[in-house]
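The structure appears right after this line, and notes come after that.
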Amino acid sequence: MAASPTAPPTSAGTLKLIAPLTPPSSTRTWLTVPHHSLPLVATATSDKTVRVYSLRSFTLHSTVSGGHKRSVRSCAWKPGTKGESVLATGSFDASAGIWRRWDMDMGMARERDLTGGVDEGDEEEDEGWRFSVILDGHESEIKSVAWSASGQFLATCSRDKSVWIWEEMEDDNFETIAVLQEHEADVKCVAWHPEEELLASSSYDDTIRLYREDIDDWTGIAVLSGHDSTVWSIDFEPAKPALSGDSQADASDRARWIEAREASGPRLVSGSDDRTLRIWRRRPKQKQPAPPTGQGRIPSIIRTHSIEEDWYEEARLPVAHERAIYSVAWSKRTGRIVSTGGDGRIVVYEERWSEPKGNEEKTDGLNPEGTEASDLPVARTTWSVVASIEMAHDVFEVNHVTFARRFDSGRTSDDEEIIISTGDDGQVKVWTVEI
Amino acid sequence: MADNANPTILNAADLPTRRRLSSHSATGKPRSFLFDDIVPADYNDPFATAATDSGLSRSFSSSSSDLNSDSDELAEPIDEQEVYDLISTISDPEHPLSLGSLAVVNLPDIHIVPAAGSSASSRMRTVLVEITPTITHCSLATVIGLGVRVRLEQALPPRFRVDVRIKEGTHSTGDQVNKQLGDKERVAAALENGTLLGVLRKMLETCQ
Amino acid sequence: MSAILSADDLNDFISPGVACIKPVETLPKEELKEPNNAYEVTTEDKVPPPPDAPPAQISLTDCLACSGCVTSAEAVLVSLQSHSEVLNALDSTPSIDPQLLAAAARGEQQNGLGEGRIFIVSISPQTRASLAAAYGISEQQAGYMLEQLFSGPQGIRSGGAYKNGFTWVIDTNVAREACLVLGADEVKESLAQSSSNEQAQGDNPTHPKRPILTSACPGWICYAEKTHPHILPHLSRLKSPQALLGTLLKTSLSKRLNISPDRIWHLAVMPCFDKKLEASREELTDLAWQTDSQSQTKQGIRDVDCVITTKEILMLAESRGIALHDVPRTPLDPSTRVPFPDPTLDSFLFPSLDHPRHRNAQSASGPSGGYLYHILCTYQAQSPGSSIEIVRGRNSDVVDYTLKDANGGVILKTARYYGFRNIQNLVRRLKPARASRMPGAAARRLGGASRKPGMPAAASSASSAGLGTDYAYVEVMACPGGCTNGGAQLKPIDLVASSAPAAPATSNGGANADLGLDSAPTSGTATPIASSGTSTPQQQREWLARVDEAYFSASDDEGEGETVGTKSNGTAAKIAADNVNGISPAYIHSMLTHWSNTTSVPLDRLAYTTYRKVESDVGKDRDKGRETERVVELAGKIGGGW
């Protein structure tokens, strides 16, 4: 373990439970993902189903079942769909499934108990979910599935050490467009860049790998090494950085920081079995001097068109977990990060402007691995814990945590943010941050 | 493929136990084990009669948990001997012998520590079991370790975190085995693997 | 492109497919050294490789990105075919006196051939192309270099216990011509059959189902047999050029010279490690063609005794102390060549020098032998005015080739699918529609009750499974980029590594120049490619382009490569009359008939082969001991078992 033992984070804030989603599953729940527009979440459950809950009523909305033969480990809503919702599922049975449902069925009017049934005259249409396609090819358990921002690509990863990219060619026809075998072990998590067609995967082999399409071949473009154990979870920063907190920092310094951040693009956060959370940042490509011409038989073979990228560890978040970190998420609304893990804690972090000078030792924005100082912006930021809660799921481990928009009657604004946690106790809980 | 044809075998009478010998007779009916909702009646559990906890977590606990009652906080705490008794009767997957008699699990290699944290988590405990494979390249170390982990996760209350590791220096690839045994996702998937599950059942048949 | 895998990693690597132990009959007897290591085997008749031999490099991921593909048994088979095995064979027994062979060729059978073996090597054009790119020479020069290495006085003949070399060096392109003709025949016959009798199509095992899939790629075959048995009825039953040539040599020589096939030692040099697996197939031994019944009981003698790869050529030369770049790149004196003891086969195996090099020269035929292109040419020849329409798919390894008549009507729809990711999409389409693993949901899907309004049910129920294809033929190869990009072809990094000891004196950068990797002027010490340790995708592409260029340039050396040369045996008129894609089907057929007649073996048993589903034994055998064994196996895969 790289991180030293810690006392529980002493932070001003805490997480307040809004409600559990009911009824809970009687078996372990792995992960919960919010719908991109509707007040719904989907929970991957070890009883081979996905449970869809309403974020308005906090009750079960529908169940996606009858497909997988083993635990559903992961699921993801296809982004950008209108009128119909599309859910991808990844299972320990080595297959991924694509499921569809008309949004009128999802309708707000259906926020009732499930016994009410849908008056569609079609009982076989189990609560409106239609199985659409099975994607098979992986040889062992699928651990994670993720859609690209455009919804064009679906990535899946597995214990078979591979990451597959699927493309939806036309309705319901998916093609394998890449089989990436760069990892040396179990691939735990896949995540797409919010703007670019850049895929990241994290693994039992302690590394994170990035991929892009080069001509017509997807290929590895970077390896992020540093974690000392399994990297369970990764998530990209939202496209627009959101720094909060009052700043004493010089305004021009801040402007330069923001400019540098925009040059490198969204960062990546990773959470590991080594109990650390790390932020990774791309070093913007330098302008290449014009290559010498007319020399040699191999023209411009180096760098000029290289798609390889250089990512470095920019910062480590304060160590706040006692056991493996299973999940980390980066808020699209507030720029906060939330993490959880085997110790049952949920911890929320915030990036703030560092106090100018004189407070260097508090700065977590370390500069390891021989990064040249000149590459870094002058203004620094600090990540600190702003809220946390212990035993969020009683004595049970928490497998997943994510941010979502608040929809229930208690919300105070349209873009109020909630945190959703998913635990070994079969519970999905909805939290609000109180600072 | 037998790993060790002549393992050192300890006499059952010499093994440390708090149990009455009569309570684990070898002829006792094997009980179906994994994910079995029926709590066995024949286990002589000092805590079994304690009042049941009404917390939500109880309704979740579908596994048969011998000691699965959080009210034990108020009673005698679970100690290393208790843990030893739970796992020493697991059968070796290759030999018709228990892990206790093969000295794969040993009482001094079991440690229960309170989880670090605030008072809110004071109930939490971490059980560390270090197992000693019979030979340093035992190919079944991951299966034995899995059996121990599964046994304890089923039998101990959920406030116990179970860490099963290879005792240092007793296995050629100990670190790799430890990493695999510590991977909750892989353990969960292994329990959905019919072949492995069959072997685990057999190993745990001899546990009461 | 994925990492090179060394044999040491195999245990971990194969873990997902661990239960799938392919029953390989020709596996040498296993002798468990220690009960604890199931995979340690020794063979009775084989000298252990010298301790300083480099570990066998197995690059199966390069050929096929499938970890379930390689089993322990296969790993053993692969490791047994190495450059040191070649040297062992050469040192095991003297070569049969060429004078005696020459006499036999003239029909003067004297007092037998004495002791020893005949050593023959056949070389793939992709190997020549790879070496040509590496040394900056032409494909033809690379061919001469290999001829000198295997057969010439400065080659491996210069050392060893018996100073043995190879009596014949054969271009596998000659066998490929026969495969192309037979392949086109097979397509014509099976399409004719399927159109005349749709029902019986699946029942008749003599012809593959439509679409017919190329079966020359052993990585693809291995994967299909293990993972997609539903594909097997689609596979072309034709042997690969390597296998066909092996059968041709063993049958005709053993018959003609009246010797046992194990006295003929046939080495193949291939761009692909998986060709070693192919050579190990029971279907490709003398058991498939021997006529006397007693031979049925013994272990088969392989038609190809050993396969080494392009990479291993370097190791072979090195272990004989030969610097490959010093080997002459000029042809051996043709008068010194021992004639093959059958004039018809002699002219087939050794086309006269004025015969144009064979058709790997045309880029339209692709880098993998040109099966698809030859079929198209065959159909095109029968349809005056027709043209071939080429449409590139999602990536450069998926290409549709459609033969259209003058009016644009489709005559034949075919495609090329190279690489694992594309193969995935092909096999998924060919999967029976009912094979969905989501039964409850599948019923719903087929019901199609609530699909999008206005969308036909048939269209809406189409998923990527069971979509089917309307192709008549698909050329399938496991490697992206085809056979010139085979997993065992030279990579820039190999050259640098191996040239260093071979040419230590070239301090002036001569070694790099010699390898064709001219240093960029900006680079002081090493080539750009060499300096990076691993090459980038872009560098790999550029390298592959050079190999392809060498492969396709073969005819340019000849100048007017399009004219059909004259066969020395007077079949010129015939060739000119029915030339398809530079090959005369009539000539090939006459040669095949001659072969079948002189060996008294029906052509069906000589040129065709079979495939079988390789079943996982998990879940079948409920025997407890077996189960524990499997768990031991499962558990043994640290980091991968479960």
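First chain written, first letter: the chains are A, B and C, and each begins at residue 1.
Just so it is clear, a residue touches a chain if its C-beta (ideal position, glycine included) is under 8 Å from a C-beta of that chain, and two chains touch if they have at least 3 such contacts.
Going by UniProt, the chains are A = Probable cytosolic iron-sulfur protein assembly protein 1; B = MIP18 family-like domain-containing protein; C = Nuclear architecture-related protein 1.
Keep in mind the model is a prediction, meaning the values are calculated, not measured.
Touching chain A and chain B at once are the following chains: C.
Of the two interfaces, B-C and A-C, the higher number of touching C-beta pairs belongs to A-C.
With centres set at the average Cα position, the gap from chain A to chain B is 34 Å.
Between the Cα centres of chain B and chain C there is a gap of 53 Å. Between the CA-based centres of chain A and chain C the separation comes to 44 Å, rounded to the whole angstrom.
Under the contact definition stated at the top, the residues of chain A that touch 2 or more other chains are 140, 159, 204.
Residue positions 639 of chain C each touch two or more of the other chains. Multi-chain contact residues of chain B (touching two or more other chains): 179, 186, 189. Chain A contributes residues 5-8, 24, 26-28, 46, 70-71, 73, 92, 140-141, 143, 159, 186, 188, 204, 229-230, 273, 322-324, 326, 342-344, 390-391, 394-397, 424-427 to its touches with chain B in the complex. Note for the complex: chain C touches chain A at residues 2-3, 16-17, 61, 65-68, 394-396, 420-422, 424-425, 428, 436-445, 447, 449-450, 460, 462-465, 467, 480, 518-522, 527-529, 536-539, 541-542, 639-640. Listed in rising order, the residues of chain B touching chain C in the complex are 1-3, 93-94, 135, 137, 139-143, 146, 173, 176-177, 179-180, 186, 189-190, 193-196, 198-199. Chain B meets chain A in the complex at residues 55-57, 59-60, 62, 70, 115-118, 120-121, 123-124, 157-159, 161, 179, 182-186, 188-189, 192. On the side of chain C, the complex with chain B involves touching residues 35-36, 38, 618-619, 627-632, 634-636, 638-639, 641-642.
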